[in-house]
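Heads up, the next two complexes both have chain A, just with different partners, chain B and then chain C.
What follows is the complex of A and B.
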């Protein structure tokens, strides 16, 4: 083999270990899961003994009330947390984008929740939500109010898991928004002041539109993440009471372990996977459109 | 159009004092250029005038109205920034009309105004584009257009041409000069480029370390600089400064140094005699254009080291003793490198400076 040809293969040689690990650790399990979703498979059987049922698992799920309920919970959970987190995160970033003493400390404090392991967050909030010794109810009681059934009432439980998630993930949006704000051209903001814009108008007409590309990607990232949320809810409510907080990943885990229906669980996982892939593709498409627009503008400016 | 007065305006950033108390007046309808090396406080002065920086002390008056506490929007100013500062997400028409739209002016009026300004600046065909799709020169024009659309009483320019290439800069300079004639507005223009200052300014304010060194018409500053800094800063190629000392022979004052011995023009001699401090050591300032091949009775022996051809002019880098002297000549006068010739000095343009205070005598 000539040196030139050997050189051409070198990159692939270097990529081979990573490709191998990906194939074993990622592609194989996914393929396995896709295959399993076409089976009526009980954990006591080997995969070879399971009966091939074609698309039955997929079709049946649409008439399974519990699955639909869980899908609904997931969708509303995702929508609610992402909206609240976006508003709070962007709002905080707009407020804290200034030179004040101690701002560095404050910023670090704000992003602390994000660094805590989700299981720990779940435990922490479970203690705080505790009906008798939790800090919320003790405080309410000492102020003369009725205690709130944080985790034992359906609607309250949903609100409680939303609060915990918002507490943990608002910082993520906050830091990305802050970075977007700080990379903003200062002179454009000054020009807006000279043009007579008030603080609100600058935020509304200059800052937010300029942050939009970052905000859209941030929202999509949060969307993907919140579809997959598991630990905090598992620790806080384990999906209850009833099915009020049973999000998809919990439902999948219970279908596999409690109901012992591996094929159905696999089909559910695939639905979730498809949903997430759609969002991811939307994100990639968006970035690609952005890139293309920038490239077109650059070309136009060079021509001009 | 107000008359703008800076009354002992001070500015510090933390412990750094950028402007010591500054007194400055901008007359109604005047085109004033603030010029100086970077860090001299000229941009800070402009930003304080715009309201983008607060003052640490003193007051600014528009006519008799104190304005230092007012927001930029209450000052009736428009500003052109060095990096243009266009709004990247708006198209050109939206960029230009932003202020009017904030002011809730009727749509028809806004469109008419934008079109009118775009027409004069020759950017009508760009109105639908985004800033990123424009070249540097076009963006510059749009920035100018945005300021013009405002119809403010005072226009501020913060080094508006420094991001352009040399050719475009010269072109825009001419257009600015035309604009200056066409518009009856207060204009304050900040630059570090002395050519821009000389060509554009009706009045030039030379600043250094936050202190106004001298202000006046370009000609006044060029011919009668008050100190070595102004003499060295304005004019290109830069003024030659040579150490010398004063002598008196047969009742006539002369200035001597290594390799030269020049008589003083009568007015200059009279000014030297008027001084009572018995100054002997001086710094001689000679503009490169004050030296020529024609004999003037005041000759300098110069050895040419390098000849820089600039088209119609040539700049010679010569030596007089151990000091370097620049000479500006017509290019048609071919000077051999290495040759030593006798050059005539135009004595009426000769300047003397006190080496301690650097003030002109």
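What follows is the complex of A and C.
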């Protein structure tokens, strides 16, 4: 009797610490943020002293040119980065999916950029982009070209942060696509080869469609993560020159610490969160649909 | 004649491989070599590939750990040394806590069928996407006005545990669901309680998953800047915060900054070499298996 009751409560016992921490340090802050976004609040006040301003923060943001610009920068950064990384990562995976002795070493080297701190990645690239002693401008100079204003010109700065991010995160796509390729049923490839398909045809009509579920999840994961990029850009350009590389995360942190408008920063965070929520929901729905479809297919093939 | 070895790849393939390796490791090597040069040497116009490596930059950064007197240091700036210790404490403690709490939760989610399991999985997944920047304002407000733990290492640990838990639960779930339930039933037959089953049967079986999860957690806690910057005061700064503070100085000493960056990069690099297989498993667990 007692064991039965113990068993009934065990799951809650196992879950309790995690639930407590998540409630206190994640759910509560998010709720707090939603509440704060309706306030006119600066860091010297406690939240109780802040004035309730309703939806003003949300409405004002849409006429705030700096916010709109940073929203645009965020969206274009995310789009550019995800597209380039997907093409490069998937392409490399298709190229390198061979019997190769050093593959394990290669993969280890490729994940290094993802593992080291974004701050350090920013440092390395800032040094390489240095106007006079950086390796890029040194090389350009020794080849007789004009130096490039990597970080001091708006559009070059945008390109520079994109390059740094592509360097850091293409391996992620590469590794996931490689895993997808290697878990592929060999029989399908064999069958295509026997039927006389060329390498290109196999890639295009068999490999890519079979990889598609993984690729979509990968792209969505990368999409979500690219909204979180902050440190690399902070170290490289700090959002400048002008607002050319000021992504939302950076704008939020500056609004909170420099302009001391916590309510506005919270409203911005809320917009960002809603955006990410939509993407995550899309991902979740997609995997659910996919699961259901494979289950249905399996059931159908078992019946047949 | 290439026909002698039909399986040999073309030279272009190897050229591509070499180029890729150079591209991915090159910047890290460049940082390493820069950290071994003096600032005057770095800033000089002549770029020489050959130089006398020196560990002076590391001596400057780590001056309070030196057991000898380094001749070139006039004034010892203890900021970095202190930050290094803070980072080590915060990252280790939060990794340990996250893992303990996370794998218990993951186990409950996988093994016990009770109301709301799907909702919990869904919430876990939703939580995974919350960017640190979104937590910046509320964490700052709550930690300093309500909990009164801003500027303490405990405050940082709490924030990082919360930040990492969803991901750890998510990853460990996929490992635990592969443990055959018969093993647990057998243990229960032999009279083991739920906690014994968990600690003595399940945990040893999911060691690879634990390794992956702990590396990911440690990495986040060790590398995180934004929340660390908002919460820390002078004495509880972590390494990323000190590095960012030091690069805003006008006269940047690239040698020393690169040395501190290198020190920050060393633990993750070591983990990568020791446990790359587990890391890759952890990375692919969510996406490839679904």
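Some notes on this structure:
As a working rule, the second predicted complex is superposed on the first by the 297 of 304 C-alpha atoms of A that agree within 3 Å, B and C clash if a C-alpha of one lies under 4 Å from a C-alpha of the other, contacts with A are read in each partner's own complex, and residues count from 1 in each chain.
By definition in this document, contacts are C-beta pairs under 8 Å (C-beta built on N, C-alpha and C of every residue); 3 or more make two chains touch, one makes a residue touch a chain.
Predicted model, so just to flag it, every value in this text is computed and none were measured.
Applying the stated clash criterion after superposition on chain A shows that chain B and chain C can sit side by side. Looking at the shared chain after the overlay, A:190 reaches chain B, while chain C stays out of its contact range. In the superposed model, A:166 lies in contact with neither chain B nor chain C. In the superposed model, C is the one of chain B and chain C that contacts more residues of chain A. Shared-chain residue A:138: touches chain C; no touch with chain B. In the superposition on chain A, contact of A:300 is made with chain B only, not with chain C.
In the superposition on chain A, A:209 makes contact with chain B only, not with chain C.
Contacts of A:269 after superposition: chain C is touched, whereas chain B is not reached. Here the vertex is the CA centre of chain A, and the angle it makes with the centres of chain B and chain C is 90 degrees, a multiple of 10. Closest C-alpha contact of chain B with chain C, superposed model: 8 Å.
On the chain C side of its complex with chain A, the touching residues are 7, 9, 13, 16-17, 20-21, 23-25, 27-28, 30-31, 34, 42-43, 45, 47, 100-102, 104-105, 107-109, 111-112, 114, 120, 122, 125-142, 145, 158-159, 161-163, 165-166, 169, 193-194, 198, 219, 222-223, 225-226, 230, 240, 243-244, 247, 254, 257-258, 261-262, 264-265, 268-269, 271-273, 276-277, 279-280, 283-284, 286-288, 290. For chain A in complex with chain B, the touching residues are 185, 187-188, 190-198, 201, 205-206, 209-210, 212, 294, 296-298, 300-302, 304. Against chain A, the residues of chain B that register as touching in their complex are 50-52, 71-73, 77-79, 81-89, 98-99, 102-103, 129-130, 132-135, 138, 146, 150. Contact residues on chain A toward chain C in their complex (touch as defined above): 6-7, 10-12, 14-15, 17-19, 21-22, 24-26, 28-30, 32-33, 36, 43, 46-47, 92, 95-96, 98-100, 104, 106-113, 115-120, 123-128, 132-133, 135, 138, 167, 171-172, 175-176, 179-180, 183, 213-214, 217-218, 221, 224, 227-228, 230-231, 234-235, 248-250, 252-253, 256-257, 262, 265-266, 269-270, 272-273, 276-277, 279-280, 284, 287, 290-291.
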